[in-house]
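A single structure is presented below for examination.
Letters are used for the chains, namely A, B, C and D, taken in the order the chains are written, and counting of residues starts over at 1 for each.
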Amino acid sequence: MLRQTERAPKGDASQPVWRDKFAQVRAASLRLVSALSPEDCVVQSMPDASPVKWHLAHTSWFFETFILEAFEPDFSPFDPSFRVLFNSYYNGIGDKYPRLQRGMVTRPGLDEVLAYRRDVDTRMAALFARELPPARGGELAGLVALGLQHEQQHQELIVTDIKHLFSLNPAPPPYPSLGAPAKNDDLAQEWVEFSGGLVEIGHAGGGFCFDNEMPRHRQFLEPYALSSRLVTNGEYAAFIDDGGYRNPAFWLSDGWAFLQANATLHPLYWAPDGSGGWCDYTARGVIPIDPAAPCVHLSFYEAAAFALWAGARLPTEAEWEHAALSDGLAQMFGTAWQWTSSSYAPYPGFAAAAGAVGEYNGKFMVNQYVLRGSSVATPPGHARITYRNFFPASARWQFMGIRLAR
Amino acid sequence: MLRQTERAPKGDASQPVWRDKFAQVRAASLRLVSALSPEDCVVQSMPDASPVKWHLAHTSWFFETFILEAFEPDFSPFDPSFRVLFNSYYNGIGDKYPRLQRGMVTRPGLDEVLAYRRDVDTRMAALFARELPPARGGELAGLVALGLQHEQQHQELIVTDIKHLFSLNPAPPPYPSLGAPAKNDDLAQEWVEFSGGLVEIGHAGGGFCFDNEMPRHRQFLEPYALSSRLVTNGEYAAFIDDGGYRNPAFWLSDGWAFLQANATLHPLYWAPDGSGGWCDYTARGVIPIDPAAPCVHLSFYEAAAFALWAGARLPTEAEWEHAALSDGLAQMFGTAWQWTSSSYAPYPGFAAAAGAVGEYNGKFMVNQYVLRGSSVATPPGHARITYRNFFPASARWQFMGIRLAR
Amino acid sequence: MLRQTERAPKGDASQPVWRDKFAQVRAASLRLVSALSPEDCVVQSMPDASPVKWHLAHTSWFFETFILEAFEPDFSPFDPSFRVLFNSYYNGIGDKYPRLQRGMVTRPGLDEVLAYRRDVDTRMAALFARELPPARGGELAGLVALGLQHEQQHQELIVTDIKHLFSLNPAPPPYPSLGAPAKNDDLAQEWVEFSGGLVEIGHAGGGFCFDNEMPRHRQFLEPYALSSRLVTNGEYAAFIDDGGYRNPAFWLSDGWAFLQANATLHPLYWAPDGSGGWCDYTARGVIPIDPAAPCVHLSFYEAAAFALWAGARLPTEAEWEHAALSDGLAQMFGTAWQWTSSSYAPYPGFAAAAGAVGEYNGKFMVNQYVLRGSSVATPPGHARITYRNFFPASARWQFMGIRLAR
Amino acid sequence: MLRQTERAPKGDASQPVWRDKFAQVRAASLRLVSALSPEDCVVQSMPDASPVKWHLAHTSWFFETFILEAFEPDFSPFDPSFRVLFNSYYNGIGDKYPRLQRGMVTRPGLDEVLAYRRDVDTRMAALFARELPPARGGELAGLVALGLQHEQQHQELIVTDIKHLFSLNPAPPPYPSLGAPAKNDDLAQEWVEFSGGLVEIGHAGGGFCFDNEMPRHRQFLEPYALSSRLVTNGEYAAFIDDGGYRNPAFWLSDGWAFLQANATLHPLYWAPDGSGGWCDYTARGVIPIDPAAPCVHLSFYEAAAFALWAGARLPTEAEWEHAALSDGLAQMFGTAWQWTSSSYAPYPGFAAAAGAVGEYNGKFMVNQYVLRGSSVATPPGHARITYRNFFPASARWQFMGIRLAR
């Protein structure tokens, strides 16, 4: 699910660098799924998730459709039916196979999709070996950069989607992940103060970013403080023990309705351990919760309720981004995405790119909330201080946690 | 549906003024429903709407529960069962009759609810005639002010709810309204420029406001322009004629899904007139659309799609409020609420009031968008420049229109 | 809801008899609703129910549409819009107002519907005073007979629909009923044996019947026994106490799913009395259950589960009808409709009548089960041994009880 | 999905016969799925269907649970978790994995399920080689007979479930089937007359049957006629051309509602061919309909509507069974199951078997209709004249056709 598009980086790009980067990111996708069976890769576990096979095919489709079709002299698709089958939501490209039926596509099988990947890789290698006029080379570099960022986003989705699927198994097996598990150092909680004022946020240019990070612009911030680390499992368990899921006073009205409708009593992958405590489904299987570890798989509603219970609030995305430039805050990246109180909206002066790639700039800028940082499932090198992730307030299957503000 | 609460105005309040104001607002409610039958008053036409009878009772319940119970020496409820029956969403007060079944309550009938209103009015008059210590008098004044603002909000809901109910009648009768119909002067459209900068928004104190309008605070605005008037029926019809409802490129993703799920092809109360044009259900019945009149009953999705089609955007609520202090903008009040691009969120430093009245400050601050101004159905004197109305992006049954920005 | 149509009785009919019968049945409808308010009469409490006002109008529409329109020389409808508004399901008549929105029709009000009734009554009286050729007179008599049976069916629905509506009131008021409450004589339970063999069932002609009761035909019955009386509240409470609603072994698969989906733990209008017993909502209000009274408001699923628990079964409709000709069975009529194990299906040789009246003969003969006898809410004189009532297996809001067979 | 259970055949059984029969049926299951990929076998395409892998495991679970556990001296399950995972609906056995999530079980994979099958086969072979006391041997033979009938039922479901899954593929591949495709000899349609009278239906003993086929009992039949062959594609297309799907007069009320809710305009796997005709998805892929071939994949609603349009009706199951004893009727077996007008109900005197195997006799005898005969997907040797298949009136994914009666 690519929900963001980019602007082409300025200037030309040295192709050997892109060739190596391309090979590296594409190989990482295969490494990620190497322990999965064809059955693991075909099933769609819920409407928000996609089959692993679909992720592998769609990311290849992206290179084939937006690059090979534009740059190959005698372009011929690997399989014409893939144009529809692996289009996610690009109306500008044409028809799309229904999202809710992605799990019904047992054919082509995983083998054929892997062959599709190899074919695209071979043709991309040939393209990298070609001499292109500088302008054309710059255009290519921009599209390759976008395609690789896109593939990295899907790598994170592969982790969270397969985790969700495995969680439905009576005996959930370990799930694969690219990154190393976060270390939990039993960090002390402290409040770090920021004076605010008229600050700038957004991407300043020079390097890749998605267009939703631009333009850089000014915002006025009142003085504020952020917690030095994320909320832990132990703290969240205390909220539950204090009747957190039974007292409507802590909850946004929609959040309370969500609890009732789904009979929700704890974070997504927690379960009672039978003796008053909690187990959690983690990369090491189902184990007792680690009280010092960051609490993840929380919805915006749960994050907001916990914050109210704790006498605090969630930060705005501007507060988070401004604070991220300073010292003293742990777990900003690589642990869990951090819910902000900011609705996902265009920055002042935001303008959509042209063509199918940019057709949907801003298309998702409604009814979603921004998360900042990155998670244990985010591929190394993918995160940025200005990066804006976003999900509906009810989403829980990503690695989503809480950094308190006040 | 009261979704906002207030802070008590500072200082004491002369009770005769409040007594007269009380009588005036309460009488306006009765005037509004004087042409309705008992049948008209009992039915709930959809989950978002409430029966007129419920509005009449709930507003009385508000005075009885939050004022008479606190100020009457020997308080005894008019009917103990009303405490549950006419509680909207105050968990601090106790149980609530299910919202979706409000239309099932045929007894008490309209007559009994009107008797309830008279009883509350009589007891309030007795309270106004009592001598109170200054602090207690100030507290009373604050609660009366809140109760009257509350009743005025429900007056607007009575108009929009009865309009929705009547629209389901095979021959929709005229619906009642407090205000005079807006005049449509065939205004020319112009862009009014604002230089922006570091501005202040929010209520400055001195007079009533809801707590969501506070605290007053600074925001930085880039230079911007607002349209001098609202989008007209004629302009909106041109959007439809240009394929507006058939082209996903204009729509937010959620908005497009809403169109498909509801087979939506035009504003809420429009219908094809059989010869290529449109009829509209208005206070004068079902008539051909007036091309110069403001287009109303539009969702946030429709407002955003029209704006994109028109090469413009929706204003932020800060832009709207800052602009409202200047000359040159028509139809800011009394015509239609104006969608902003701002998600409904707490102002920096927002804090909830204590007790049941303020129990839910901020409870609705998620998944909704702010509307500014006021509409033809808003009671005279109720609107303010800092007023924040809010509804989900899909809501259409209020008088909601579009003021473009760029 | 008329779900059955008739064949015209053979031969002419003396009109004074019909005139008096007409006046009597029509007056009974008004008597039935005399204690209801306009609000009581406008609300639709669930999709299966209709507003009382709709019943009053629809039964008049039936006479106007199928008789006055055919017999009045210069027929002109009372109100042309009523043709659509009060058509239930006759596609042959034309459009129909959506069934699920019947409760939205606040106008015409009850007064206007009563005026409509008076107008139809006046015109029917004029028609009864006219001289008609014998064939035409016979045709009229047949249609009047049908219209009156139709009105009586709606009288029963008025009772059950208003009972359902009132049950949603926090303090359910008494509901009106035509018949006298059934006496509960604390009857002893006995098995009455029948030898079966080749028997005839169905209507033999000579008097009114619906066409689903014909043709009379032969069926072969094995020897069987029926209970001398209906299952009592006390017996049913023993089933509950024995874990009846918690043990899937007693339930049809669909029935168990219905229990889980609706969290059903007792008959429709029962509620725990707080001390281990049960209250019931009856014509005398909410009172402790009478252990000797017949248990009513049971679904087919509950009836079948109870029978299995009791080591018995439900009778077929042929068994019931054959037994009804003999002595020894109490509570066959006037107490509660009795679920049979027979799916509602056409009798061998069944054929539909011509025209709109008979357009839908058999239209409902799928996914429903036959009930025999009549209930406390059935108008006196309406029941017959061959009468076939029918409802889906999940229906509970009619007065439905259990007679065991084995 | 086994929905029927058996009575143990009387008398002992020669074990070599059962051993060979066992090997033959079990091998047929593997042959049926030999062309399927692991991905094909894991997906559940709709709530009514199950994954192929689940069918393969569940049929093995049946032998392990009801035979090996009872006959092996030192029984130890292949995998203890399978007891829950592959239990379909036997509450007497214990917990069941949720039916709607069968498609989420990617592990155990197909390989492990095939190993499970081999293990069960090996242990069954050892059991066949043992000497048993006669009574015990008879018991075993009865259970083996039941298990093999059960496996054959699932073989038919494998065909229809995989056909449904493949139909969702943008390019539906051929689906496997055990039987040879039916020959379509362009048979002339004739009416075959039967005189009826007091006849006997039901299984007479001597050979295997399910308990729902018993006891044999008498029914009285009026004279009737059945069509000599099934309704063809050409005849059904004429019904469509005559406005069959647009005219409510042909349809049962529930059937018309089903059409509207599902926008149904043709049989399940038909699609417009772009030039006014129809294509069908068959074992040979998507091809133009053969006008002389029997029309299949029709719901009870479609069958009843076609019959009414054709001036005929559906037969009762007694008529069908009585006629099946005579000459002159083609396509009774091996072509398509034939909808009868008979609701699925217990025969007079039906009694449930004891224990978990028989726990649910009759559990499905509500809201379903009986189909008679057998289809192109029924394993050879599985059908019987007294066999009662049954599905809800809306089901279409089995090979279901129409034999007219009058």
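Everything that follows uses one rule, which is that a contact is a pair of C-beta atoms (placed from the backbone, for glycine too) under 8 Å apart; a residue touches a chain by one contact, two chains touch by 3 or more.
Fair warning: this is a prediction, and the values are worked out from it, not measured in the lab.
Visitor: Between chain C and chain D, which partner chains are common?
Guide: Looking at chain D and chain C together, no chain touches each of them.
Visitor: Just tell me the minimum hop count from chain A to chain C, counting one hop per pair of touching chains.
Guide: Contact-graph shortest path, chain A to chain C, evaluates to 2.
Visitor: Provide the C-alpha centroid distance between chain B and chain C, rounded to the nearest whole angstrom.
Guide: Chain B and chain C have C-alpha centres separated by 46 Å.
Visitor: Between chain A and chain B, what is the gap in Å from one C-alpha centre to the other?
Guide: Taking the mean C-alpha position of each chain, the two centres sit 37 Å apart.
Visitor: Per the centroid of Cα atoms for each chain, what is the distance between chain B and chain D, given in Å?
Guide: 59
Visitor: Which chain B residues touch at least two other chains?
Guide: If we look for residues of chain B contacting two or more partner chains, we find none.
Visitor: Given the complex with chain A, which residues does chain B contribute to the contact?
Guide: 89, 91-92, 198, 217-222, 248-249, 251-255, 300-301, 304, 313, 341-343, 345-346, 348-349, 359-360, 362-367, 393
Visitor: Which residues of chain C touch chain B once you look at their complex with the stated criterion?
Guide: Those residues of chain C that touch chain B are 37-43, 45, 53, 81, 84-85, 97, 101, 103-107, 109-110, 165-166, 168-171, 173.
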